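In the two complexes below, subunit A is the common chain; its partner is subunit B in one and subunit C in the other.
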Partner chain A sequence: MILTVIFFFVPMVLSLVWSFTKYNGIAGPTWVGAANYTYLAQAPAFRNAVWNTVVFAAVTMVIGPALGLGAALLLNTGARAQGLFRSIFFLPVTLSLVVVGTMWKVLLAPNGLINQALAAVGINGPSWLEDPSTALLSVSFASIWAGFGFEAVIFLAALQNIPRELYEAAALDGAGRSETFRAVTLPALRPTLVFVYVVGIIGALQVYDQMFVMTRGGPLKSTTTIVYFLMDRFQRFDLGTASAAAYVLVVMLALLSAVQLRLSRRYV
Partner chain B sequence: MSTTVLTSSRTRRRTGATLRTSRRRPRHTGAFVVLCLFSAALLVPVVWTVSTSLKPAGAVFSSGLSLWPTNATLDAYRSIFSSVPFARYVFNSAVVTLAIVGFNVLFDSCAAYAFAKLRFRGSSLMFGALLLTLMIPMQVNLIPLYRMMVWAHNQVPVLGADTLSGIIAPSMVQVFGIFLMRQFFASIPDSLIEAARLDGAGEFAILRKIVLPVARPGIATLAIFTFLGAWNNFLWPLIVSASDASRTLPVGLAALANKNTVNWPETMAGAVVTALPMVIIFLILQRQFIEGMTAGSVKDVA
Partner chain C sequence: MKTAGTMMSLGLLGTALLLTGCGPAADAAGSSAAPSTDSAASGTVTVWDYYGQATPLKASIAEFSKAHPEITVDYQAFDYEALHSKFPVSVGSGQAPDLATVDMTWIPSFAANGLLGDLTEVSQGQLNGKPMADQYSAGANEAMQYDGKVVAALYDFDAYALFYRKDVLDQKGIPVPTTWDELVSATAKMAERPSPGAEPTKYGFAVQPDTFHYAQYLFQNAGSILDADLTKAAFNQPAGVEALDFMKSLVTSGGGTYWADPSTLTAAVKSEQIGMFVNGPYMMGVLKAAVPEQSGKWAVAPAPVGKQPGSYLGGTGLVIPTGAKNSAAAWELAQWLLRPDQMGYVFTEAGAAPATSAALELPVLSAPDPYFGGQAPFSIFKDAMATATHFPYVANWGDIDSAITDGVTSVLLDKESSQSALDTAAQASDAALGN
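Coming up: the complex of A and B.
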């Protein structure tokens, strides 16, 4: 408990105070009121960071759970070697995001495996990570590769917890495949869906590691996220602005938690 | 409660699997083929990473699409252990991870036991405060924590910024771990503890003889989670470490990948060295990993 106070509450209050100051780490903090927040509200660089973060979260959270659910449904059909496939899907989840970033940086290099494969079928692939129009999507794709196994495993566990009687009853009522999915499977998965989305979005809003390794926030700041922006300000000794940016993230996550509470009251 | 959930889901899975395989196997060849193709596509990056790390420095581009190197060599591995201090990174990562796992098993369990079984003044207020911390992202604390570490380093050189203890310190206790362990402790009947107390057992004797055996699956889950998080953690070690003496594997690998744009075998060898310990542990403890993950999720929803 003492440790939590030292390593959590003290820093939390300090950064809240610093977010209202101008502070470079050497010359003590000077009070500037809400100036950091008004600066962030109109700074194009921060707006760009928020936008990139939201795009990243949207792309990964639309495709990732869909892939995860698809994989879980396939596994749940009872096909052979279920355990083996489950482990293969889960393997990337155990990798450090730095490892994932490193692997995909090389795979997506202008003459990397992806473009070599494309060239083999006659397509001239773009420089994925060096082109502002593809960089963010490329990083999102690598992140989906690394993360969807987690969602697949969670969905599979939820699917296996659905009582078989429900399916037998649906079959007796003459329900077809898609009807059964809509009437039995989907409602039963609702709490899991809420969990997967909330945990996923919270994680996605804090994305940093992949950008640091794969693109360094570029090209042309097209992969600069909120945390990347924050770290950049921190490294340039602009601790006030960095702290304020961190608290903007807090507000976003708090709103999300409020939405989760609402949803889980309704569905769980 | 969670123990029963775990075991019952395990048995259900087993019986379900036998039922399914005996009754429906022929119908699912389609699903099996799709799963095979999907897994193969997923594994291509992994295979290519390993094979690239085994190629000689110049042969990466000439070998084209070949997934397996024709003249495999360990040169890249030799070079990252000699020209880059990867051995140092491995050592640092091992020390940091083991220390964090040890501290968390100890501190999280103690705190969780206090919250689950002891009644003390302000316990519900403190628990509420802990709940609050789950809502706050760690990025908020990074900057003040770093300033604290710099200060600590100036007081005592072996502590704080640019030392292994600086990397370990903020992770010694984690709120998620306290919640997880509290679930396990709450499942132990109070009467059992009362009886032990009447027999004159002290609090620590009770913890050791009654509580810990029951909580063993919880401790395993906690240890796995903490291990995964600590081994792969990047942001905090990146901030705290300023020299090779305190860099962990992910930090060292990121530096190598950013510096090294041409020598792919070296970069990929670094990735393999960073990932390998985790992958080996995962392959040995697959079921515990996956069940730990799902147990955590089910509990969060409940």
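Coming up: the complex of A and C.
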């Protein structure tokens, strides 16, 4: 309990206090009231970071769980070598995000393997990570690749816990595959879906590593996310703004989690 | 102070917890005292070094330890980014090393925040028994000072020259470019494209959108980044706009290839996608290590000039942080590292350019280099250093650097005109300067 207070609550309170100060980490903090929050509300750079974070979360949380569920459904059909495929899907999850980011950075380089493969079939591939119109999506897809195996394993475990009797009853009622999925599988997966989305969205809103390794927040700040923004302010000795940005993120996460919990109570 | 430091450490830990639930403990506090000079030159010296595997420090420290058994050196290696993050936090919380290698572009923010001790206090203005100022070029002396204090001793320097595939230029009968116009023409002839107007796929010229490279053209066009009293952006004046237009023309009319990620440049050289680029002396070592199969094919020439020669001046500085516990022994080690005989390691181990005037005369630096076809390219960088200018030493340089890079990127990606992009960058820079 004492450790929790020292290493969790005290630091959180101090960070909250700093968010109302001008503080470089060296000289003592100076109270500036809500100036850091006002700055964040008006700064195009922070609005851009919020937008990029939301886009990243939307792309990864639409495609990632869908891929994970698809993979889990395939594995759950009793396909041969299910264990092997489960391991293959899960392997990227075990890799450090720095490793994943470095690997995809090499693959997506202007002269990387992906563009070489495209050139072999006559397509002039773009500079994936150097063009602001493709950089964020490229990082998002690398993140999906790294994460969907986790969702697949969670979904597979949930699928295997659905009682066989429900499927037998559906079959006796003459339900086809899509009806069975809608009437049996999906309702049984609701708690798992809620879990995957709660954990996934929180993780997506905190994205940093991939951006740091693959793009350094560029080009033209097209991959600067909230956490990247605040780390940048932190490294520039602007701890007041960095702390304020962290608390904006905390509020966003708290609101989203509250909505998700309310939805889960209603539908699960 | 200890209590305050502990509390501040916990506060930063809180920020980390808010984000990820775990992460590097970070803290900041500490005194603004200058390095102490009263301790004897003995005991342990903690050294933080960002050079990486090819560091010249290790070889030099091994010899130092034999010559100075009374001083124990605790050498700690960090990668570049880690040192940049860790240094201010550690110095601020009273956990400073005694000596560190830092990128000279970090000096403005580190010095402005009181992280760097005044070396004059520990050196009394002397380096290895001679006046320190006499042992560096005028530009280097200026780069080592912040607010009238000597805060770093330049260890290696960075100033730009032209790296080119000599075999390709010779084969195609293209003279080595010496002016901007010749650079456009030479790169256009050198680059090979799958079809007219397509991006060069072989022997392109890397056009890099960072401030280092933009400053090269800006300074060559008699422009400056800020005005004389460092209070307002000046890079959006005609000289800066022309410089950026020229960079753009390298892509549109020459054989330039937009190359934003410097970490992939070596791979592009290896695959021959890039056959010419502008960079500093450390690239000599990088090429030899990463592209040994192209030995004998490369050469170095002075960077083609606009109105005048010019380059950014950077490099690595040796600093004694504020609050260093053994600054006397740290300065003893720093002096050892800066001895001419020891500075040869900067070139032989790291492939970089030693910075003191005496080291610049080392025979090893003028020896013919087989990798560069028997050329001794070092003298070209030495000449570049003479006309190089360091970035402005203002506290929020990082914000200005970022604004310029975005402006240049925007133009090279055809999003904006040079004037418009630089005006936007100038606005951001002026805001960072407090205007």
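Convention: the second predicted complex is superposed on the first by the 268 of 268 C-alpha atoms of A that agree within 3 Å, B and C clash if a C-alpha of one lies under 4 Å from a C-alpha of the other, contacts with A are read in each partner's own complex, and residues count from 1 in each chain.
The definition used in the following text is that a contact is a pair of C-beta atoms (placed from the backbone, for glycine too) under 8 Å apart; a residue touches a chain by one contact, two chains touch by 3 or more.
This is a predicted model, so every value here is computed, not measured.
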Putting subunit B and subunit C on the same copy of subunit A, do they fit or clash?
clash
I'd like to know which partner A:K221 touches here: subunit B for first, subunit C for second, both or neither.
second
If you stack the two complexes on chain A, which partner ends up touching A:L239: first (subunit B), second (subunit C), both, or neither?
both
Just subunit B (first), just subunit C (second), both, or neither: which does A:V213 touch?
first
Check whether A:S127 is in contact with subunit B, with subunit C, with both or with neither, and answer first, second, both or neither.
second
What's your read, subunit B or subunit C touching more residues of subunit A?
B
Subunit B versus subunit C as contact partner of A:V10, first or second or both or neither:
both
In the superposed arrangement, which partner chain does A:L249 touch: subunit B (first), subunit C (second), both, or neither?
both
Where subunit C runs into subunit B (options 19-27, 163-171 or 415-423):
19-27
Where subunit B and subunit C land on the same part of subunit A: residues 7-8, 10-12, 14-15, 18, 25, 105, 111, 206, 208, 227, 230, 234, 239, 242-243, 246-247, 249-250
Would you tell me which residues of subunit A are touching subunit B in their complex?
1, 3-4, 7-12, 14-15, 18, 25, 71, 74-75, 77-83, 85-92, 94-99, 101-107, 111, 113, 116-117, 120, 145, 150, 153-154, 157, 160-161, 164, 191-192, 194-196, 199, 202, 206, 208-209, 212-213, 216, 227, 230-231, 234, 239, 242-243, 246-247, 249-250, 253-254, 257, 264, 268
Any idea which subunit B residues touch subunit A in the complex?
9, 12-13, 16-17, 20-21, 24-25, 28-29, 31-32, 34-35, 38-39, 42-46, 48-49, 52, 61, 64-65, 107, 111, 126, 129-130, 133, 135-137, 139-148, 169-170, 172-173, 175, 228, 231-232, 234-235, 238-239, 249-251, 253-254, 257-258, 264, 267-268, 270-271, 274-275, 278-279, 282-283, 286, 289-290, 293-294, 297-298, 300-301
Tell me, which parts of subunit C touch subunit A in their complex?
7-8, 10-20, 26, 28-30, 32, 84-85, 88-89, 92, 109, 113-115, 198-199, 209, 258-261, 264, 267-268, 271, 273, 396, 398-399, 405-406, 409-410, 413, 415
Which of the residues in subunit A end up touching subunit C in this complex?
6-8, 10-15, 17-18, 24-27, 105, 109-111, 124, 127, 129-132, 206, 208, 218-221, 227, 230, 234-237, 239, 242-243, 246-247, 249-250
